[in-house]
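A, B, C and D label the chains in the order they appear, each numbered from 1.
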Amino acid sequence: MSKPVCAVVGVGPGNGASFARKFASEGYAVALLARNKDTLKELEEQIPGSKAFVYDVTAAEKAGETFERIKAEMGPVEVLVYNAGSGMFGSIDDTTPEAFESSWRVNALGCLACAKQVLPDMRKAKGGNIIVIGATASLRGGANFAAFASAKAAQRSLVQSMARHLGSDRIHVSYVIIDGVIDLERTRQMMPDKPDEYFLQPDHIAESVFLLTRQPPSAWTFELDLRPFGENW
Amino acid sequence: MSKPVCAVVGVGPGNGASFARKFASEGYAVALLARNKDTLKELEEQIPGSKAFVYDVTAAEKAGETFERIKAEMGPVEVLVYNAGSGMFGSIDDTTPEAFESSWRVNALGCLACAKQVLPDMRKAKGGNIIVIGATASLRGGANFAAFASAKAAQRSLVQSMARHLGSDRIHVSYVIIDGVIDLERTRQMMPDKPDEYFLQPDHIAESVFLLTRQPPSAWTFELDLRPFGENW
Amino acid sequence: MSKPVCAVVGVGPGNGASFARKFASEGYAVALLARNKDTLKELEEQIPGSKAFVYDVTAAEKAGETFERIKAEMGPVEVLVYNAGSGMFGSIDDTTPEAFESSWRVNALGCLACAKQVLPDMRKAKGGNIIVIGATASLRGGANFAAFASAKAAQRSLVQSMARHLGSDRIHVSYVIIDGVIDLERTRQMMPDKPDEYFLQPDHIAESVFLLTRQPPSAWTFELDLRPFGENW
Amino acid sequence: MSKPVCAVVGVGPGNGASFARKFASEGYAVALLARNKDTLKELEEQIPGSKAFVYDVTAAEKAGETFERIKAEMGPVEVLVYNAGSGMFGSIDDTTPEAFESSWRVNALGCLACAKQVLPDMRKAKGGNIIVIGATASLRGGANFAAFASAKAAQRSLVQSMARHLGSDRIHVSYVIIDGVIDLERTRQMMPDKPDEYFLQPDHIAESVFLLTRQPPSAWTFELDLRPFGENW
């Protein structure tokens, strides 16, 4: 229990796994949170000192007990990485109120619920890091992103509000804007003709995410955009 | 039933009443939607040719039957003004998940639900207007606006997505950014020392909102900010 | 000399001519400013009560004498429309320091110079309108707009600063963001295959520009975007 | 001549000196560029392997010969840090065309001129880094920042255009948004009552600036904001 604790919410085969590995390699005990028990188990076995917690971010009312278990089993959270985020596409015609709500629950409400759980201990510790993984859609409501863009805009606004409010408590809140396609088995299959360099590497994203937690408080970053060098933006 | 129909969602004593009066005076039959039966009745009596419909925007699942009644009693909606929006204040510490959700339901989900109801008839008519009343908070997550700013950002993103998607169907979607305090009994009591010119006049807001519906399709505005001349912004 | 005076800087065959005609039809004496004597003469003959003034906006040092002549011959300016703006394209590789400077002189420095000339009389009159015609490029530095986007960004920032500073003097400063291609002989020749509805009509732009000067001071717009309904944005 | 070369344009006692020291400590030969010979000499003596070049960024026409000397004496530039930027304050009333122009020359034209000098060698080397030090004023035209905000907006737009254009050549272009007051003898004298933690530390800024040059090309940052934890933003 003497290692600092990093909780990664929304670990899958891409960014989440890379965040977990990176923080583990830098000396953190990593709490892995996701809906899918099998993915979690596999990662838990791969990453030394990590622990899996089954958690569905859309069930915001269960955030309390989940984070209590993390605290009891691992210690107070020093770094929270909120990586949950679903990429539902479609225009307003394609978007049911249910889909619209689900997107918002994953990206915005779930983020609020987790953040509220870690604040008391971060305040006690007189510091901490909250990093939320966003997307370019947070900045622009594209025609075919009615649900996803709106949910990400809600998320970014919330995180900005948190950053402004929590800075003076030395809690460093950041928002990472991923601009491009992440290198995953799934995305490679969808775009088999794209060259390697078209894709964002999760390990490289994790590198920059980790460095945010190392910035001295006199020069903190709130928003960090990340894209592949050849991206057309 | 030969007058064009304008539906104002969220009519209260301020902007909503002014929108209703303005569109009525320009020859529209106005459907008045709000939760509060008494406010609605009073307005219905004041505004010739208007009709009141009790509707709670947070009950998105009732949008269908409400708009069917409007259509049956008044005709297809040509102009939708979405004015619902609650101003809950507070930082993340003050914001429960319930309050965060309620704010989003009023501002974002309710807007989606109403917009989806009017699209089929607007498409049949080969045109229409959807105007959503936003706020500066949609652009900036202030420390003490965790719920309101996030909900307004979600709203603005959705409306932008709608504007991009619906333009080619000649449905003109606009977002009005109110930047300042509206002149209401309530706001005057909260700020008794402010001069008249500190406040936005609802009738003046209504003037610009109405003119959006008169723009020819070769030069449409999506976003319109409105503030008093002396506002410090 | 009893008509209110509107000065349009940068009148050519497109927007500038439409602004001049619109304000003339609404009862203004219109001062026409441009480099090209022949264009000016033609417009002066077409528009009753207008007067031509040869003026090169890049020669900021001549703004004083030009606006003194306008005042002497027509009266103090009540509405200034700054429409000068050149569309130089190209990446940093294509952009010489000279071209970069020239673009900035037309869009930003020339705007400052003209605005400074009309402020004293607007203050004396306890009101006035300054409208600057911008472009989407003011919001985004595209790869092939190194000079134009930078000049427009400089212009927009200046105009925003003016709006904030001059509001309390009841001088209404607005920025119009044209998003699309204007219908001109030149643009039609460049894009012969585009349908009519692809283009922004200068007369429709002029309509919205004029209405900005009619907004009551309790609800002023700073930024107004205008685009054709079918624009892909 | 075998060390990689970093050129810092605009070295003074604050950020510039810290950038120079940081890159020198990481193995770079540092070219120091500034107007003031005495400041330069002092730094040159303090920083091993650095070389001073007297250069006035407003004399864009001299960029060619200055960068040729750097190349001849030190080798091709691998990292360019453009730190020149003057903080002229005042509203449009306080801003002469000359002051407006001077601000733009330092921040925007000077940046273009230096960037154009280093591009050929970066392309030959199939990579390089250009980092431009900006400010919050680049995003917002405040009432009392008519010249400074406009110049910084012009700079940011140019740098964004460069980033988009040069990415595919593996030239990483970034813009750093300093949001707050830098810790300098001068700023301490101006604000003697502020606590230490009010100020941005130049060495901490330099840390993040250096790390931008270490990002792998699959996940590059364009814009990085930096502010003290207690900043009210």
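We adopt the following convention: contacts are C-beta pairs under 8 Å (C-beta built on N, C-alpha and C of every residue); 3 or more make two chains touch, one makes a residue touch a chain.
Being a predicted model, the structure only gives us computed values, none of them experimental.
A.B. asks: If you check the contacts of chain A and chain C, which chains show up for both?
C.D. replies: For chain A paired with chain C, the chains in contact with each are B, D, in label order.
A.B. asks: Let me have the rounded angstrom distance from the C-alpha centre of chain A over to the C-alpha centre of chain D, please.
C.D. replies: Computed value for the inter-centroid distance: 32 Å.
A.B. asks: Please set out, as single numbers or ranges, the residues of chain A touching at least two other chains.
C.D. replies: 164 - these are the residues of chain A that touch more than one other chain.
A.B. asks: Hey, which chains are touching each other here?
C.D. replies: Contacting pairs: A-B, A-D, B-C, C-D.
A.B. asks: Where on chain A is chain B touching in the complex?
C.D. replies: It is residues 60-61, 91-93, 95, 97, 100-101, 104, 108-109, 112-113, 115-116, 119, 138, 140-146, 149-166 of chain A that touch chain B.
A.B. asks: Show me the residue ranges of chain A that touch chain D in the complex, using the header's touch definition.
C.D. replies: That would be residues 164, 167-168, 170, 172, 183, 197, 199-201, 204-205, 207-208, 211, 215-233 of chain A.
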